[in-house]
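Before anything else, here is the set of structures, which you'll find just below.
Next, two complexes with chain A in common: one pairs it with chain B, the other with chain C.
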Partner chain A sequence: MKQWIQKKGWKLLGVVLVLYSILMGMMVPLHSGISARHPLSAQAGDTTVLEIEGYNTHFAQAQDHLRVWLMLGDQWTLSAEHVAVVDERHIKATFILPDLLPVDQQVGSFTLVVDNPIDGVTLLPEALFVRQTQIDTQTAIAHWPQTDPMIELHSGPALTFPFRNILRETIRNTYFHVPMWFAMIFIFIGSVIYSLRYLRHQRADDDRYAAALTTTGIVLGILGLFTGMVWANYTWGRPWSGDIKQNMTAIALLVYMAYFVLRFSLEDNEVRARVSAAYNIFAFAALIPLIFVIPRLTDSLHPGNGGNPALGSEDLDNTMRLVFYPAVIGWTLIGYWMSQLLWRTNKLKAYLEAYEDGPPQLK
Partner chain B sequence: MRLAKEIWYLLQKELVLEWRQRFALSGILLYVLSTIFIVYSGFQQKLAAPLWNVVFWIIMLFASVNAVVKSFVQESGYRQLYYYTLVDPLALFIAKVVYNSMLLLFIGLLTLLVLGVVAGNPVTQPWMFMGIIGLGSMGFGIIFTFISAIAAKARHSATLMAILSFPLVIPVLMELIKLSLIALGFTQDTDMAQDVLILLAIDLLLMGLALILFPFLWRD
Partner chain C sequence: MYVRLATIAFFLFATTNLLSAQSEQTDFLRQTGMIYVVVAVMAIVFLGITIYLFYIDRKLTKLENQISDHDQNG
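Moving on, here comes the complex of A and B:
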C-alpha cells in the first residue's frame, strides 16, 4: 500500500487536481456584476433615470429587496428614489441629483452600487459623471440629501469567482494560463537539476531525464503561450500585440528549441549528453533575466509588469486560490509524469538500438 | 598569480596568431564595411536616431558572431589538447573571453566610425556611447565565446553558433539598445545606473556559469 502511494499516488493526485481545477474553473459561476449603464453622465440638480444592465443577476426575483445607490468618494451616498425592474438583468433606477456636489471640481465621479439578497452587493466605479455649474463644497455638504443609508449589505452566494469588467468570464483562464506557465518553470528547473546531476555523475539516465523534462517544458510553454493569446485576444483586443512578455516568451521557446537542434547535431552519445547539459544550465541562467527582469523594466500590458499588479489580493480572492494552487500543483505533477513516460520510451529506444540483433542474454 | 600569467601569455598568443593570419581580421573589416554600405545604399539618406541605433547594434551583432565563431575551431583539436596540458583550461577560456571582448570593442568602434561617416552620427554623448559599446563587447564576448566552445563540438558550427547564441544575447542587446538611446539623446533616463547594473549582473552571472561549465566542455 505504501509502495503503491509512492509509485502511483502522485500521478493520481496530479490527475485529480487537474480534473478538479478544470471542473471548478468551468462550473463555478461568476459573482453578479454591472455590465452596462446608460446614461454615462448627467447634470447636477437633474432627475436621472439610470438604465442598468446586470450580469448573472436576479433582479426580478429580488424585486422588493432591490436597493441602488450612487456613491461619491467614501462617505457621500445617494439612494435611488425609485427602482423599476424590467427583467432579471435590467433595471431602471431614478435618482434626484443634488444641485451641488461636495467636491472641489467641476465633475464628480459616482460609483454605482446595487444590492439585493440573492446576488449580494455589486459595484461599478466611475459609473456616472455628474457636472456641476458652480463649486461650493460647504453648502453642498450642508445640503446633501438624507436618503437611505448604505447599510446591511448582502454578501451573495458564497462560491463565486469575482466579476471584473474587462475580464468577465475569461477570468477562468487564470486556472489554465498561469498554472501552465508555473508548471513550465518548475519543469525547466527540474531539467536543470538533472543536467547538473549528469555533469556530476555521468549517468545516461540523467541526460535522458533532462531532455524529456525539456520537451514537456516546451509543450507546457506552448500551451501557456496559446492560452495567453486567447486571453489577450479578449482583453487586449489582439492575440499578438508584440507585448514584451509575449516576445520574451517566444524567445524563451526558441532557446529551448535550439537545445534540441544542438542535441541532433551531436552524434556521440557521451559528448551530446555533456555538451547539451552545459548548454541547458547556461540557457536557463540566461533565461532568468529574459523572463523575470526585462519585462518588469519596460512597459507591458501583462499583469505583473510595468507597474501592473498580478496575483495580489485584487486579482486572486479566496475562492480563486482554492482552484488556482491545486491547478499549479496538478499541472506540475502531470508534466513530470509526461516526462517520465517520455524518458521510459527513450530509454527503451536506446536499448532496442543497442541490441538490434536480438535481446541480450539476461543473466 | 600563475593563472594571471597564463592568461597574459595566452592573450599574447591570440594576438600574434591573429596578426600572422590576417585573413580573419581583414574578413571582419570587409564584412563591417560592406554591411554598412548595403545599409547606406538601401536607405540613401541620414538615419533617424532610433533607426541608426538598431542598425548599429544589428551590424555589431552579426560582425561579432562572425568574429568569435572561429575562436575554438581555428586551431586543430590536437593543438587544443596540447594547450590544455600546458595551461589551466580556465586560463585558456578567460584569455579567449578577454581577447574576443577586445576584438568586439574594436569592431564596435570601427562600426561607429564608418557608420558615423556614411550614415550620419546622431551620438550626442560619444564617451558614454563608447562605454556602452565596451559593456556590450563584454556581454557579447562572454556569451559568444562560451557558445562557440559548445558549437565547436558539433558539425556546422557556424550555423549552430547563430541558432544557440542569438536568443541568449537578446536580454543584453535590449539593455544595450535602451542605454544607447540615452547616449543618442533620444530618451532621457533618470535611473540609467539600474540598467548598467543589470547588464553587469547578467555578464557576471553568465561569466561565472561559463567558468563553472567550461571544464566539462573541453575534455574529449
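Moving on, here comes the complex of A and C:
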C-alpha cells in the first residue's frame, strides 16, 4: 500500500485536485450583484424611482436592513429616500436628486451601491447618468443633501466568486478553460526536456516520451481553443473575434501539429528522432512569444493583456486562487498521466516491431 | 483516425456556430446566469479526453491483435 502510494500517488493527487476544482468551482455561489436597473439616466432636481434587479440577492429577507445609495466620485453619497421591496431580486429605490452636482460637467455618472447584512455590499459603476442644466460646483458642494452616511457596510458570505455583469456564472470557466492552457504549457515544457535529453543521450525512449507529451499538449490546446470559443460566444458575442490571443494560440497549435507531419514523413527511426527533437525545441521557442509576448503588446479581449500583468487581483480574487491553482496542478498531472499511457503503448509497439519474427516472451 | 478527428472537430465548430445563431431570448444556454455555458465547457473537456482515450485504446488493440496473430500462427 505504501509503495503503491509512492509510485502511483501523483495520479491520485491529480484526480483529487481536479475533482476538488470541479466541486468547488461548481458549488461555491457567486457574490450578489446588480444585473439590471431602470432608468439609465435622469435630470438633476428630479425625484427618480430606480428599479433595481439583483442577482443572488435576498432583498425580501433583508427588507428592514436594506440600504441603497447613489455615489458620485468617492465622496458624494446620496442615500435612497425610500426603498420598496418587490421580491428577493427586485427593489424600487426612490431618490431625490439635488439641483446641482459637484462636478464641472453637464453629466454626472453615479455608482449604485446596495448593502444588506445577508448579501453584503454590491456596486454597479455608471448606473445612473444625471444631467444638469447649469454648472455651479461651489453651490452644489454647499447644498449637497445630508443623508445617511455610507458606513458599516457588510462583507456578505465569506466564500463566493466575484459577480461580473458580462460573465455571470461563466466566471467558473476559469477553472475549466484556463487550466487547459496552463497544463499545455507545462506538458510542452516536459516535452522539450525529453527532446533535449534525446539529443544528449540518443535514447529512443526519450524521443517517444517527447512525442507522447506533445500529443497530449496539442489535445489540451485544442480543448482550450474549443472551450474558449464556447465561452467567447456567450460573453464576447462571437466564437472567434480574431482576438490576438486566439489567433496566436491557433498559430502555435499549427506549429506543433507540423511536428507530427514531420514525424510521419521521416522513415528512418534515428533521423526522425533527431529531426523531431530539434523541431520540438524550435516549436517551443516559437510558442513563448506567440502566447506570452505578442498578446501583451496589443489590445486583447482576454484579461491580463494589453500591457497589464496577467492574473491581477481584478481578474482572480483569493477565493478563485483557492480553486484555480489546484486545478492547474491537477490537470497537469492528468495530462502527464495520459502522455505516459501513450508512451507506454508506443514503447510496447516498438518492442514488438523490434522482433519482426514474432514477439518475445512478454513478462 | 485523423479524418474522424477532423470530422468531430468540424461538428464541434458547427455546433458552436449554430448555438450562436439563436436569438438571445430563446437561447437555452443564456438562462440562469449562463451556468449552462459552464456545463457545455465541461462536456467539451470530457469529450476531448474520451476521444484521446479511444485513440490510445485503438493503438493497444492493434498490439493485442499482433500478439494473438503470432500466438495462432506460431
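We adopt the following convention: the second predicted complex is superposed on the first by the 349 of 363 C-alpha atoms of A that agree within 3 Å, B and C clash if a C-alpha of one lies under 4 Å from a C-alpha of the other, contacts with A are read in each partner's own complex, and residues count from 1 in each chain.
Quick note on the criterion: contacts are C-beta pairs under 8 Å (C-beta built on N, C-alpha and C of every residue); 3 or more make two chains touch, one makes a residue touch a chain.
If you're wondering where the values come from, they're calculated on a predicted model, not measured in any experiment.
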- Task: Between chain B and chain C, point out the one touching more chain A residues.
- Result: C
- Query: So, A:M338: does it touch chain B (first), chain C (second), both, or neither?
  - Reply: second
- So, does A:R321 touch the first partner chain B, the second partner chain C, both, or neither? neither
- Message: Contacts for A:H143 in the overlay, against chain B (first) and chain C (second): which applies, first, second, both or neither?
- Response: neither
- Message: Contacts for A:V275 in the overlay, against chain B (first) and chain C (second): which applies, first, second, both or neither?
- Response: first
- Message: After the superposition on A, what does A:I251 contact: first (chain B), second (chain C), both or neither?
- Response: first
- Query: Can A:H82 be said to touch chain B (first), chain C (second), both, or neither?
  - Reply: neither
- Task: Look at A:A283 in the shared chain and tell me whether it touches chain B only, chain C only, both, or neither; answer first, second, both or neither.
- Result: first
- Message: Quick check on my understanding: which residues of chain A belong to both its chain B contact set and its chain C contact set?
- Response: none
- Message: Which residues of chain B touch chain A once you look at their complex with the stated criterion?
- Response: 143, 146, 150, 153-156, 160, 163-164, 167-168, 170-171, 174-175, 178, 194-195, 198, 201-202, 205-206, 209-210, 213, 216-217, 220
- Query: In their complex, what parts of chain C are in touch with chain A?
  - Reply: 9, 12-13, 16-17, 19-20, 29-30, 32-35, 37-38, 40-42, 44-45, 48-49, 52-53, 56, 59-60, 62-63, 66-67, 70, 74
- Task: Show which residues of chain A lie in contact with chain B when the two form their complex.
- Result: 199, 251-252, 254-255, 258, 261-262, 265-266, 271, 274-275, 277-279, 281-283, 285-286, 288-290, 293-294, 297-298
- Query: Which of the residues in chain A come into contact with chain C in the complex?
  - Reply: 22, 26, 30, 55, 167-170, 172-173, 176-177, 180, 216, 219, 222-223, 226-227, 229-231, 233-235, 238-239, 338, 341-342, 345-346, 348-349, 352, 358-359, 362
